[in-house]
Each structure stands twice: as structure tokens, then as C-alpha cells.
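Structures follow.
Look at the two complexes coming up: subunit A is in both, with subunit B in one and subunit C in the other.
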Partner chain A sequence: MKVKIIKWNSVATWRWKIAYDDVCGICQVHFDGTCPTCKYPGDDCSLLSGKCGHNFHMHCIVEWIKQESSKGQCPMCRQKFEWKDNPALAAPTPA
Partner chain B sequence: MAFATKRLGKELKKLHESLPPGIELVSAEDFQDWLLDIRVLDANPLYLNQTYRLKFKFSAQYPIEPPEVVFVNTKDRPIPMHPHIYSNGIICLDLLGSQGWTPIQNVESICMSLQSMLTGNSKNERPEGDQQFVANNRRRPRDIDFYYHDNTV
Partner chain C sequence: MASSNRLRRIAKELADIQSDTASKILAEAANGGSDLSHLHASFPGPPDTPYEGGTYVVDIQIPNEYPFRPPVMKFKTKLWHPNVSSQTGAICLDTLSSAWSPVLTIKSALLSLQSLLSTPEPKDPQDAEVASMLMKNPEQFQRVAREWAIKHANAPKTTSWETTIAHSPSNSKPKSQKVISREEQLRLEAARYQGYNKDLIDRFVNMGFDIDRVVEAFTFVNIDKNNGEDYELEEAYMGDITARLLGEP
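Presenting the complex of A and B:
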């Protein structure tokens, strides 16, 4: 019997390359979900990893850093928050 | 309001599932005002067998901005005696001010901080200038720059 493929669909899943069960400390939503102001996860609502080792949704941490009272500090450890250049890829993947 | 609402929705779900000992949710009808009761867990004679009621007020910027948290006085809920708690219920605690707040704090962690603030206290007194402050203050707690008279408490 000959089969002729007329059409095929592929489906893929993805997730950020960081701890699987972690939530953003600011909005408490999974990193694989969006920050509270976005609808779709992905590049439009990306993550930001601090050099101190703490990760947040970019939109969440930016809201915090904009506040004068944040003094530019990481909400977790209060060190100066400086981000790594390529957050999702630079972050280590815990097993 | 989306930011605060979503985060508070998550907190509320967790609070309904489980609460640390000595903390009870009294009401959370909306995402603006919540009431919680706290008790001190050890045998500190200042707070023995007492329950205290806390009122949380959230702005649309929560948790970027701290909530406003005060003790409220009802028939069987007094204002706890403490050198950092005014007799009108206003609390002077650095984590509730813009200088000490960070958005990883939440309702539960605030309640626990207040529990331990009471547990660790042995002074049966109000802050310095309490009567004058209570008589004259028209400002909201978050707009007050507290001056810490005694940082050892």
C-alpha cells in the first residue's frame, strides 16, 4: 500500500533553562508562565538572571528596580542587582 | 490592578490551604483589605491568651509597594503592648516601610515577623511620644518617617 502524506503538523514544547519548579519571587508565578502583565510566555516576557544568582521575570524585576526605594538591590539578597547578558542560556541547569 | 490581584490571588489560595500556627485568615473579600488574626505562640506573659487583629491594605502596586498593616482594636482584640506599636495600632517596623520592604515579602511572612516581634519583646510600654502621636497624626502609616528611638527592641 502506498501512503501519500498530504499534510503533517508538528508540536513542540519548551521551557526556560532554569530550575524547573521555581517561581519568580516577585509575582510568585512559575518562570515558565508569564509575569502578571503579559499573556504569552516566551521571548516577549523573558527572564533576567542576576549576577547574584537570583532570577525574575524581566518585567517584574524592572518594576522593582524602577522604584527609588529598591536602591537597585536584588529583592532576595539585597546585593546590587546586575544582570547577566544572556539570562536563559547563561543560567546553570540544575539536574 | 492586574499585578496585585494576581499575586494576592495566589497568596489567598495558599492561605486557604495551610497557615502557620497562630495565624488565621479572618476575611479577604476583595484584593484591597484583608483581616488576619495572630497569636504569640510562646508563654510571653505580655501576650498570653490574647489574639490580635491585623488589617492589611494593598495598593495596586503591591508587592512592588508594601501593604499598609495596622493592628485594629475590637471588642476582644486589643492593640498589643510594644515599644514599636502605637496605641492606635500603627506599627513601626522597618520591613513595612519603603526602606525595608522587598517584594519577596508576603502576607504570611509579615504575620510571622509580627509574631516574632511580639515574642521577643519584654517591655510593657508604648513608643516614646505615643499620646501626642496618636492625638495629632493624620498621616497614613506609609507616609510616616519613623524615627527609631530604640533599635535594640
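Presenting the complex of A and C:
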């Protein structure tokens, strides 16, 4: 029997490679959701991992670091917050 | 925009507090309405303290910048405590000011307040009169704190706490210096270690140093608390601690 495919629809799901079942400590929204200022999750509202091992929505942690009272510290462990390059989180390069 | 985001988090936090019945913490919009930037919360006074059996109501104002700035909390219930103004209910607690972090929540802040009631810190007072009474006459402090709890916080007239005080042998000696309950003594003692393991600190105390100075030296050298567990210190750290202890009288 020969089958001729006329048309198909594909569906995909995604999630960040880290943080399976966790929320951003700052906005308390799931990592796969958006920070409070964004509308669409994903590359537009990415995550940032600290060298200390704590993750946040990038917009959330940047807002905190901007505050003078943050003293540049991670909200979780109060170590100096330095973000690390995480290939799993990097935006895919456009083809 | 920003304010609706803030409200979303507050609403979530309130739902979280409501679903947690074990902590006995209550929180709701102050005016019963939809304004979530002004809340009223309450928690029970911690056991084995003069505040036991009382209910403490806290007024909470949530700033526009929340959670990047701390909620502004003060006690609506009057209480006798060195870190709370006996007149205005204003609170002196670092987690509600300089040590605030956006991952803290209204619930965690209320738990910190509850714990503040168990561990008064007269050296960093909000109310100087209360603090000096706690240091000079702890028995009188306990009595007044209890009277205020009964009068203002609806604490019952007798609790297990008062039985402990009444039966503590030191209470029968009129001029005794240490007229605080055993539990209170143990807790004050534990507080002096500031989260360090007792045996770890005591190895230095046994050399003849005061506990507070040893703990200070540990903090100065930035020794890991290791979650209160005992462990072997590296020789370099031992040296630093000893140097600190011997160097500064």
C-alpha cells in the first residue's frame, strides 16, 4: 500500500534544562513561566545561573542586583552573585 | 504594571499561608478588601516564653518595590520585648531592614518575628527601657512581659510556662541573680553559640576563653558553622582563631 502524506502538523514542548520542578525565588513563578515583566516564556525571558548554583529569571536577578541594598549578593546564599555561562541556557544561534 | 506583578506574588503568598495550618500563622488584607498592599497577620507567642498563649497581631505595609524592598512590619499588639517599641510596636530586626532578601516572604518574616520573641537581643535594643530591665533584672522583665501578654495579647493567666517559673528552685531565693527558668537558661546558653556546634566551641572554652569571645573569634575568622555539627578544624583556622583570641583582649 502506498501512502501519500498530504499534510502534517507537528507539536513540541520545551522546558529549561535545569530546574525541573522549581520556582524563581524572587518572583515565585515557575522557571518555565515568565518573570513578572514578560509576556512570553523562553528566549525572551531566560534564566541566569550563579556560580553559587542558584538560578533565577534573568530579569528578576538583574533587578535585585541593581538595588543598592543587594550589595551584589545572591539572594539565596549571600555570596557575591557571579553568573556563569551555561550552554544549556544559551539562546540557540540562528541558523 | 509593576504593581500588579507585586500583587500577584502577595496573593500567592497569602494562599500559601492559608494552606499551611501547622504554623498557626494567619494573614489577610487589612481592610478585608482587595488592597493587598496593607495586611494584618497574627501568630501565637512561642512556647516557654512569657508570650506563650498570647496572639500577636502585626501590621504589614508592602512597599511598591516589594520583593526588592522588605515589608514594613510593626506590632499592633502591645508587648514587652527589648527589640520592639513598647509604645509604637516598631521592630528592630535585621531581616526586615539591611539583611532583607527578595527570596524571603511575608511568612518567613513572620516566623522570624516569632523567633525574635524567643530570643530577645538586649544588646541591640529598640526599647531601651525594656532592654535595661532584661539585663539588670531578668525576673522583673519576665513578670512584666507576662503581665502584658495577659493584658494585651489574650494570654491565659496560667500556662505551663508559669508553672515552670513557680517550681524553679531559684525562685524561692529572694536575692538570687539567676531567676530565669531552666529552659530560658538553656536557650540563652544555646543562643551564645550562634549556630556553632557546642563541642567545637567548647574545645576553645576549655582552654580558658569566654564563650562569647570564642564565638566572636570564630565569626571573625569566618569559620563554617557546618549546620551546627561538630567537625575537625583545619590547622590554619585553628591558628587564626587562637591568634584572634590572644591578640585582642
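Quick notes on this one:
Basically, the second predicted complex is superposed on the first by the 84 of 95 C-alpha atoms of A that agree within 3 Å, B and C clash if a C-alpha of one lies under 4 Å from a C-alpha of the other, contacts with A are read in each partner's own complex, and residues count from 1 in each chain.
Quick note on the criterion: a residue touches a chain if its C-beta (ideal position, glycine included) is under 8 Å from a C-beta of that chain, and two chains touch if they have at least 3 such contacts.
Keep in mind the model is a prediction, meaning the values are calculated, not measured.
Taken together in the superposed arrangement on subunit A, subunit B and subunit C clash. Look at A:Asn9: by the touch rule set out above, it reaches neither subunit B nor subunit C.
Contacts of A:Gln28 after superposition on the shared chain: both subunit B and subunit C are touched. Counting contacts as defined above, subunit A residues 25-28, 36-37, 60, 63-64, 67, 69, 73, 75-76, 78 meet subunit B in one complex and subunit C in the other. Chain contact summary for the complex, subunit A toward subunit C: residues 25-28, 36-37, 60, 63-64, 67, 69, 73, 75-76, 78.
Of all residues in subunit A, only 25-29, 36-37, 60, 63-64, 67, 69-70, 73, 75-76, 78 touch subunit B in the complex they form. Within the complex formed with subunit A, the subunit C residues making contact are 1-2, 5-6, 8-9, 12-13, 65, 67-69, 98, 100-103, 105.
Residues of subunit B touching subunit A in their complex: 2-3, 5-7, 10-11, 63-65, 98-99, 101-104, 106.
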